[in-house]
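So, here come the structures, one by one.
Paired with chain B in one complex and with chain C in the other, chain A is shared by the two complexes that follow.
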Partner chain A sequence: MDSETKAKFVDLFEDYSKNLPEKIQYIDELAKRLQDQWDADLFSEFYRKVHSLHGSAGVYGYIVLKQLADGLEAYLKPFLASSVDLKALNFQKITSDINALKKAWHDTSSEKALSIFLKSNIITGDAGEKNEKNSNHRR
Partner chain B sequence: MKKILIIEDDKDIARLLVTQLKSQYQVHIAFDAVQGFRTMQQEKPDLLLLDVSVPAGTGISIAEKTLELPHLAGTPFIFISANQDPAIRKRALELGAGGFFNKPWDAQELLDAIKKAIGD
Partner chain C sequence: MNAIYEKPLNKILLVEDEEDIRTIAQIALEDIGKFNVNYCESGKEALQQALVFDPDLILMDMMMPGMDGVTTLQELRKYPSLEKTPVVFMTARAQTREMDEYIKLGAIDVIPKPFDPMTLAQTLRSIWEKAHGF
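Moving on to the complex of A and B:
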């Protein structure tokens, strides 16, 4: 890969990483606001932010964060349905999950995340060759 | 240069997709279904890259609606999603999607699917 291309992707990664603590903090704030006063629109926003973190963290190489956000999203999803009793929402679990997100952010090596991110996201043009090798192998 | 419309509400994901595709395609972005339809009518893209979960609709509903509109019905579409629900993947493929990619996707595989769907 040329250095100019790599630099563009590194910039994207650094921007994302810089804003990641803020994203987690906002999720935490939304959870606290919901605990104080239930609001369906606020819950919907809370769910969307967790869903968004689930999607983006994995794409940007933060695999543990992705897995934790996935777990929290799966827990929240049934509560989007109007038939589910919202009083059953367990804020102790939610707080614990958000604390785990914060810990995962602190514990994750950004070098490792960057390496995963670059490997998946830069188009090198060799996938066709890889596919060809695989198909030859099967033959 | 062929046009791709990305409908994706997460700005970090949208920026990444633009960076991956802009050297080969003219890329437009919409952050929700309503903006997506407006941009679709204006730009008449050659391919739609749809997130399954977007505000004011879903990627699936966008594809369904597109198929009902004669002037847009032939536009190929590909899904990207963090959602692992097999029913959604199944529905996407029933609708004729040129691919269904879970986040995180492999950039080269996505580009290959785009080229195939768009006829490059």
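Moving on to the complex of A and C:
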């Protein structure tokens, strides 16, 4: 990969990372709105946002976020079918999963995610795990 | 051997509604793969663009608002000029059974999400060559 392409990837990564909290927050808001009042279109949007996070987080190196979003998506997917009883939707579990997403975002080092994203040890060196523990966690 | 594959892979139509993924895939295909890439955000746009751009291959997200990937593929096949254009799906939640179903519906392969941006271009080349019988 040439330096120009790498710079483009790093820019994309930074944009994505900057917008991640907003994405998770929106998922949280949708879940709360659904809990207050059920709406099929809103549920579709909620599912799509979780699906989107699942797909994108992994691409950008946020592996734990990807795994958590995958789990939530797997839970939600059967409810897309019209024959499934929507009353069975467990909002306690959904809230817990969303809180786990928030925590994962908080705990994940962007340096480590970038390193995974670029498949290189240039950013964190061989001590990537150590750096993750010691890095400047957000907030 | 199908005549559609008897040339190097060059023109790719990327169909992805998620900007975060579309942009990175586009850079991966253009900058690393050196492909000629057009992109669009929906199945409806894909139908219009495919007719004009005449891609060698369509790389398409499965889950999109409006027309999903399968519906878009079925619509593409109604146009004689797109009847045999190879389609590769990208999907985040495909089980083996679903992947087999997509192949039966006419996709030549399925790339699971998250894909690796560093190897996406090579993956598509390999799929193309496999379809070509190299």
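One rule holds in what follows: the second predicted complex is superposed on the first by the 118 of 139 C-alpha atoms of A that agree within 3 Å, B and C clash if a C-alpha of one lies under 4 Å from a C-alpha of the other, contacts with A are read in each partner's own complex, and residues count from 1 in each chain.
The criterion applied here is as follows: a contact is a pair of C-beta atoms (placed from the backbone, for glycine too) under 8 Å apart; a residue touches a chain by one contact, two chains touch by 3 or more.
On a predicted model such as this, the values are computed, not experimentally measured, just so you know.
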Open item on the list: By the touch definition at the top of the document, which applies to A:93: first (chain B), second (chain C), both, or neither?
Closed with: neither
Open item on the list: In the overlaid three-chain picture, which partner chain does A:103 touch, first (chain B) or second (chain C), both, or neither?
Closed with: neither
Open item on the list: Just to be sure I read the superposition right, which of the two partners does A:4 touch: chain B = first, chain C = second, or both, or neither?
Closed with: second
Open item on the list: Quick check for you: in the superposed arrangement, does A:32 touch first (chain B), second (chain C), both or neither?
Closed with: neither
Open item on the list: In the overlaid three-chain picture, which partner chain does A:112 touch, first (chain B) or second (chain C), both, or neither?
Closed with: neither
TODO: Using the superposition on A, tell me which residues of chain A are in contact with chain B and, in the other complex, with chain C.
DONE: 8-9, 12, 16, 48, 51-52, 54-56, 58-60, 66, 70
Open item on the list: For the complex, give me every residue of chain A touching chain B.
Closed with: 8-9, 12, 15-16, 19, 48, 51-52, 54-56, 58-61, 66, 70, 120-128
Open item on the list: List the residues on chain B that touch chain A in their complex, please.
Closed with: 9-10, 12-13, 15-16, 19-20, 53, 55, 81-82, 103-109, 111-112
- [ ] Provide the residue numbers of chain A that touch chain C in the complex, in ascending order.
- [x] 1-2, 4-5, 8-9, 12, 16, 48, 51-52, 54-60, 66, 70, 73-74, 77, 117-119
Task: Touch list for chain C against partner chain A, complex - done: 18, 20-21, 23-24, 27, 31-32, 63, 65, 92-93, 113-118
